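Both of the next two complexes hold chain A, though its partner changes from chain B to chain C.
Moving on to the complex of A and B:
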C-alpha cells in the first residue's frame, strides 16, 4: 500500500529548473517504483503461478458474483434498508455546538485557547510584516533566498514581491503571508511530531498510515464545514483547516526519512554507545534531512493552496480578493489577486527546493557571517523605509491589469461561445459533451445495481492492487450507500471519470510530446507552473463563460487543473526510460513510433500509473468545487452545507466525497506488492 | 523510552501553549480578527455578501466611515447564514442587507440576545422567476405560470434532460423552487448554477444570443439594466403560504431588507454604530452604485466616492450629530 508521493492540489512542486522537477520523482518510495514496477510478473515460484492466474481468478469471481447477485439481490440503487439517516443526530450536534460555544468548558478552556493562540500569533506576524514595510519585507525575502538558494532566486523573490505590490495587492499579500507563516509552522510542528512518532514506533506507524493515506486524498473543500462550526468564521478556522490539510505530507515524509535511514550508520552509532536520543539527533534526523525539507516544501505548497480555498470561511487576504472579485464576475481583478499567489508559490517552492539541493554540499565557512549580514541589511532597509515614511506601497505606483484582462476574456467568450464555423462554438461542444458523454455515463452508473458497482470496484482494485486496497475501496463505496447519497455520488463519479478520461488523453499526448521534444518541454513548463498554482476559483468564471452552467464547465475546470501533474509525471517517466534500452531498440532498427509504443511507454508504465492516480485525485478535488458552477451532485451539497450552515447535508456530502476519493485512489493505486521499504510510507 | 520522552514533550508543549495564551477561560466568541486595528485606529468589520447590491451598501458605508468618521473598515465576504453566526460572535460588527432568516433571528436575536436589529435599509427585496423581456414580448402569455409547460421545450438545455430548465443560483440564497416546480406540476428541472457569478455569466451569454431562459432572480439587481427581464407571475403570495417548505405553491414575498448589528457593537460602537443604524437609502441609489461596480468595473471604493460626491444631501443625514 505505497503512497503516491505527491498528494493533492498545488503540491507537485513547481521546480522546473532544479533536477527535482516534480517533487514526486524525488521521493524514495516512488523512485523505487521503476525498479520494482513489474513486480507482478517477476515473482519466483508459486506466487508467480498464482499471479499468472490472478486475472482469470478475478474474472471467475466477478462472473460468479454477477450471477449470484442478479439471482439473490435483483437490480436497483442502494436499498434504503441498508442506509443510516444521520440528519437528526448531526443537526443536534450542530445546535449543541452553537448553543454551548460561549459557555461549555471544552470551548472555554481548550478550543478557546487554541483559537486565541492562532489569533495572537497571526497578529504578531502580521504586525511584524507591516512594521518592516514593503522595502523591509522585500529585502528580507531577497536575502533569505540568497542565503538559502543563491543569487538568481534572490532576484526572483525580490521581483515577485515587487510585482505583488505593483498589482496593488500588498496588504492582502501580507495577510496571506502572515496566515501562511503560522499555518506552516503549526503544520511542520504537528506533522513533524506525528512523523517522529510513526518513524520511531512501529505500532504508531501502523495506526497512522491509513489515517495519513486518507487525509492525502481529502478534497480540501470537504472539511471546511466542521472547522467553521466549531471555530466560527475567520482566521482561526482557516488556519486550523490549513494545518489539517498541510500537516500529512510532513508527517509521512518525516516517517519515511526516519525509517529509511541507513541501517549501517545507525548501527555504527549504536556500537559507539550512543543513546536512543543521541542516535536520533546525530544520526537518524540528519540522515533524513532531505525528506524533511521535501516535507516542508510540500507542506508549504498545500498550505498555500488551502489558504485560498479557506477564503470561503473568512480567511481574508488574497483568497478573499479572488473570491470577492468573482462575485462581480470580474476575472481581471481575480487574476490580479491570483498572480501574487502564484508568485508566492513559485518563490517558496524554489527556495525550499534549492535549499534541499544544497543540503548535501559542505556548509559554507562564512555561513554565520552571511546570515548576520542579511539580518543587518534587512534591519537597515526597514529602518530606512520607516524614516522615509514609505511603509506602505505608494498608491501611485500600482498598475491596473484588470481592464485589459477583462477585455481579453470578453473577446474570447464573445467569439468562441458559439457560431464558430466548422467546429462549432464551445457552448455546442459542452452541450454535446453533456448529452453524449456525461448523461449516458451518469445514467449508466445509476442504472447499475448497487452490488454490481461494488463488485466492479473490488475487481478493478484487485487487478491493480492487493486484496487490502480492494477491501478498502469496496468498504468506502459501501459507506457512501450507507450514508444515503448513492445517487449523487454516482453522478459525481461519472463527472470524475469523464474528466479523467479527457485529462489522460491530453496529458499523455502532451507529456510524451514534451519528453520527446526538449523545446516543447521547456515552453510548457512555466504554463504548467501557473496552471497548477493558480487558485482553482479563478478558472471558474472563464469556464462558465465558455461552456455555460452545468457539469461540462466543472469537468473543464478539473481537466485544466489536473493536466499539469499528469503531463509532468508522464514526461518525467518517458524521459527516465533507460537510454540503453532505447539504444538497443534503435540498433535493432525500430522507428521512432515503434520505439515510443514498444519501448518507452511500456517501460514508463509505473509513471503512467502514477499519473492516472494523481489525475484521479486532483480531478475529484476540482469536480467538487465544480458545485459552484452547476456541477451539482456532491459538490453542490458540500457548498450548500457550507452556505447554509447545514451540518447534515454538508457533512454527509463531505464524508461521501472522502469515501469516493478513497475508493478512486485505491482502485488506481499502482501498488508494489512487494515493497522494498517494508510497508512503504 | 522514546515514547515516554515524546509524551513528556507533548505535555510540555501543551503547558507552554496554555501559559502563552494566559490561563483561565478563553471565550472565542469574543475574539476579533487578527488583521483588525493594525494601524491603531478604530476598526469596524462589515460583512459583504456575495451579490453586488450588498457590495454597494458596504462600499458606501465604508467610504463614509473612513472619510467622514475616521474609522478603518475591514470587510469579510461570507455567505448569509454563516454571516449571522459570525455576527453573533463579534467577528463582524454589522450585516447591512438581510433578506429574512427567521430561524437565525429567533436563535440569535430572541434567544441568545447577541444580535440587535439595526433598522431597515430602505430597499425592498423581491425574489421571483424571470424570463428575458425579448422573449416575453414575443410570447406574452409566458408571464403566467399556467402557461409555462407550453414553453418547456424552449427552455430545454443539456443539463435539464427532457424538461425545461429553471436556473437557480447560489446555494446560500433563499429558494423554494424545487417544491414550487413539484407542487405546481411544472415540466421543469431546477438546475443549480452553484454561485451567483456563474448564474450571471450564463444569463449574459443567453442574452447575447437572444436565447430564451427561465431563471430564479431577485430585485433590486443591477443585471436588469443590462439584461431586461420580465417576471413570471406565480400564484399570489399570502401570509404564511410558504410556512411549510415542502408544500409551498405561491410566489415569494416582498421583503423589506434589514440591517443587523452585533449587540456589543450596537451598544458600545459609538459613532460608527450610530451611523450604521441611520444608514438608509433607496433601491435606485443602490442600483447606481451596483452598476458602477459590476458593469463599469470600478473598484467599490471609487464607485462609492463618486456616489458620495453627488448625493451629499442624502448621506449628511446619516452622520451622527
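Moving on to the complex of A and C:
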C-alpha cells in the first residue's frame, strides 16, 4: 500500500535513441556516498571503502557511543531538563479556540462555513437515504453493484444490506453511510486535485510526495486530536478527520497514474498537435483510469476505517455502537454493530475493485441504458416502499443477536478463559504473554538509558536505510522525550515490538509456505482478502471476547490486523524470485531447503524488508487503538484526552504517536541504497 | 567534417535543416557556441560539461516527394533528430524550416498547426490509446483538430480500409497484433492528410515477415500518393529498400548523405565502408558502376539493359546469353558490361582500379 516506489520517467521521450542521452548529470550526491554504486568503479576512493565496511563502522560507532554515553550521561529515563512542558500553552490554545469559536473572523468566515457545509451535506445525504427507505437503498445498492460488477456481487450487496437491517442496525448503518458518502466525495475531490497538481507539476510533486508518504504511515488515531481542537467533538470533526486520512491515497495514485502514463502515447498525442488540455483529457487521464479507480477504492476503504474510528470524536453510527459496547465490554452488542461494518467493507471493496477490472469492457451506449434502468427501478422500489408504508425496517423482522452472543461469551469466559487442562485458557495465555513477554520488554526498554535508545534507533535505521532516514528516526524519538511522554511511549513501543515479532514469525512462515505450495496459496487468498478489507476497529471485538481487556488483547488485535499484509507481501516476494535463478540452482542439485535459504529468501530480501515495514506501520495503528480496550500507554492518553476534554494531554499523546510512527517507519524503511546510482547512463 | 549534402533551392525542399544541434545536459546551449567544446568527442564532452550531444551540426534538405531515410545505430541521434523537426524535442541551436517557414520561431499555436496538418508521425511503439477502438484511434488526430464526430469517423473508416484494417474498426489496440497496431498508427498519421510523414523506426518492433509486409505497404503508399517521407531506421536493408536518399548518422553527425547507390558504391569513410560491407552490392548498384565504353561493334549485339538496371539483373542477362550486355538509354548505347566488370562490382574492387564510368 505505502511503498509503491515506482520510478516515473519525467522526460517525454524514452526511445532507445534518446534514452542513451538523458540528462543524468546530477552532481554526485556526497551524502549518499556509502553506496553510490557504479560510480565507485571509476574512482576507487573512500566511498567504496566506506560502503564495504558500513556494518563494521556502524558497530564501532555504537560501541563508542555506549562508552561515551555511560561515562558522560549516566542512565535513566529522559531527563526532565531536556523536556518541554507543552500542556500550558496547549491548554491556552484550546481555551482561545473555545472562546473565539463564535466570534473570531477565522471561524466566522472560513471554518464555520466548512463546518456548516459538512453538517448540511451529511444531513442531506442521511435524509435522502431515509427517504429512499430500506427497500430503496437496498435496491439501489444491488443495482449499482450489478452495473459495475455483475450479478454475483449484486446479490452479495443486497444480502449485506438485508443483514444490516435484520441485526437492527439500519439507522446506524445509514448514519455511517451518509458520513462516508460526504467524506469520500470530499476526499476524492481534494485528493484528486492534489494528485492532479502533483502529476502535472514536478515541483508540486517534490513538495507533496514526502508529505503524503508520511501521512500514509501515521496511525488513524493521530488525526483525531488536531481536528477536535479546531472543530470540537461532532460530525464536522469526524468528517474532516476522515477526509484528511482518506485523501492521501487518492492524491498519491492520481499523481502516480498521471506520471506513469505511457510516454509514447503522450508523445504521439503531442505529435498530432494536441494542446496541454487535450493531452490531459484524452490521453493522460484515460491512461490513468486504473490508478484512479484504485485510488477511489483505497480512499473508500480508508474512509470507512476512519469513519468507524471517528466515533470517538462524535461520528455516530456503527462505530459509535461498537465504541459504546466495547466500553461496557458488551461483546454481543459490539458484534451486532461490527458485522454491518465488515459487510459494508466487503461490499464496497469488491464492487469498486470489480469496477476497476471491468474497465472499458462494456460499450458506452448499452451501459447508459443500463444505468437509466437501474435508476428507474430504484425510484420505483422507493416509491413502492413509501406507498406500502414500509420506509423503516419493521421491528418484528429484526433478530436480537446480542443476547445469544453474550451467552456464548459468558460460556467461553466460564470454560475457555482458564483452567482448560494441558493448554490452559485464553485468559491464561494473555496473562502469561503479558507477564513473560510484554512486561520484561517494557521494563527493559524503560530501564535502558535514554541515550542508548536513541543510539539503537539510529544504528538500526542506518543499517537498513540511509543517514537521512536515521536522522529522522533519531529526531522523532528525541521529540517524544522532549514532549515528556518517554515512559508511555516506550510502553507502546514494547507492545509494538512484541506484536511485530509475533506477526513476522507467523507472517514469514505462512507467506513462505503459501508461496511454495500453490494449494495453500489458493486457500489463503480469500481469507487474506476478507481480512485486509476490514477496518482496524473491528478487530478489537473478537479479541476482547477471547482475551478480555488489557495489553495482550491489544497486541493480539494488532497481530491479526497486520498479519494478512505481511503474509501477502512475503508470498508475492518469494514467488516473484527470478525463475531462472531458481532453475539454475535446481539444476545444480539444490534441495528444497537450500533453494529456500540460498536463493528464494536472499532474492526476496526487498519484499521481506517491505513486509517488515508494513507490519510495523499496521501494528502501531492498532496498538494505539488498543488504548480503547485497556492497552494503556499513548493510546489511552489520547482517548482519555478526548473523553475528558483534556486536549493538552490528548494532543501531546497524539504528537508522540506521530513521532513513534515516523520513527518506526524510518527505521524499517528499505531504500534503494544498493541500486546503482547512474542507471540511465 | 561537413556532411556532403546536395545543395537544393528552398522551393524544392519541404524540410530544410541547417547546423542543427541538440545537446542534453546543464547549460546545453554553451556547447554548440563554443568551437572548442563542439569539437570534443562524446566521452570528453560528458566529462568536461556533463552534457551529451545527441545531434551535432547536422544539415540536410528533404525534397518534395522523396523518401528521406536517416539511418544509424542506436545512440546515433537519429530519433532525436526526427523529433527536433516538429520540436517534440526542442533543438539547442541551428535552423529548421518547413516550406521556407522557420520552425524554431513558431509560437505555440503555429507549432500545433504544423503538427496537426503538415507533419505527422508514426512511432516505433505505436503510441495508441489503449482504451479506444481502432476507429477512434485513427480518428484521434482529427478529433484533436476539432473535426466533428461523424465526419472524422467516416474519414477514419476510409483510412482503416486503406491500410488493410477492414472489419477491425471496433477492436481495441490490445486485441491486435504488432503489425496491425502499426497499421493503426500509420492510418492515424495518414488520416490528417499531412504534407510530410515522419517515421521513427516504425517497424523495428515487428517480426521480420510482418516488417517486410509493412515496408511494402509504405512503398505502395509512396507510389500511390507521392507523399514526402522522413524515415528513421537502424536497419540498413530497410534504408536501402525504401530510401531515395539516405543520411547515415554516427555519434550525432551525418557521416554520409547520398543515394543508396552512392552509399554502397562510394562509402565516404571506413565507418560507412564497414557498415555496408555485407550489403549484397549487386542488388543495390546499377549497371552504370560496372559499365565500360563499347569497343568495336559491341554496341550492336548482346542483351540490352536500361541504365537503372541493377548489377544483379545484368549478371542474370549475361549469364543467360553468354554475351556482354549493352546499356541502352533512348536507343543510344551508353556502354557495355562484361563479366569482368560485373565481378568487380560484386567483389567490391574499388572503382578507381577498374575502367568503369561512375
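Operating definition for what follows: the second predicted complex is superposed on the first by the 523 of 681 C-alpha atoms of A that agree within 3 Å, B and C clash if a C-alpha of one lies under 4 Å from a C-alpha of the other, contacts with A are read in each partner's own complex, and residues count from 1 in each chain.
Keep in mind that, in the parts below, a residue touches a chain if its C-beta (ideal position, glycine included) is under 8 Å from a C-beta of that chain, and two chains touch if they have at least 3 such contacts.
All values reported here derive from a predicted model rather than from experimental measurement.
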{"item": "Which superposed partner A:504 touches (first chain B, second chain C, both, neither)", "value": "neither"}
{"item": "Which superposed partner A:639 touches (first chain B, second chain C, both, neither)", "value": "first"}
{"item": "Which partner, chain B or chain C, touches more chain A residues", "value": "B"}
{"item": "Touched partner set for A:158, first chain B, second chain C, both or neither", "value": "neither"}
{"item": "Which superposed partner A:274 touches (first chain B, second chain C, both, neither)", "value": "second"}
{"item": "Touched partner set for A:462, first chain B, second chain C, both or neither", "value": "neither"}
{"item": "Touching partner for A:493 - first (chain B), second (chain C), both, neither", "value": "neither"}
{"item": "Contacts of A:540 with chain B and chain C, given as first, second, both or neither", "value": "first"}
{"item": "Interfacial residue positions of chain A with respect to chain C in the complex", "value": "12-13, 15-18, 20-23, 25, 262, 264-265, 267-275, 278, 282-283, 286-287, 289, 359-360"}
{"item": "Interfacial residue positions of chain B with respect to chain A in the complex", "value": "1-3, 5-6, 9-10, 17-18, 20-22, 24-35, 38-39, 48, 50-52, 55, 74, 76-83, 85-86, 89, 91-92, 107, 157-159, 161, 167, 170-172, 191-202, 205, 208-209, 293-294, 297"}
{"item": "Chain A to chain B touching residues, read off their complex", "value": "98, 101-102, 107-109, 111-113, 115-117, 119-120, 122-123, 126-127, 130, 175, 178, 193, 196-197, 200-201, 228, 231-236, 276-277, 280, 311, 313-314, 316, 320, 323-324, 326-330, 332-333, 402-403, 406, 413-414, 417-418, 427, 430-432, 434-435, 439, 540-541, 544-545, 548-553, 626-632, 635-636, 639-640, 642-645"}
{"item": "Contact set on chain C toward chain A in their complex", "value": "24-26, 50-54, 74-80, 83, 86, 88-89, 111-117, 120-121, 123-131, 140-141, 143-145, 172, 185, 188, 192, 198, 200-201"}
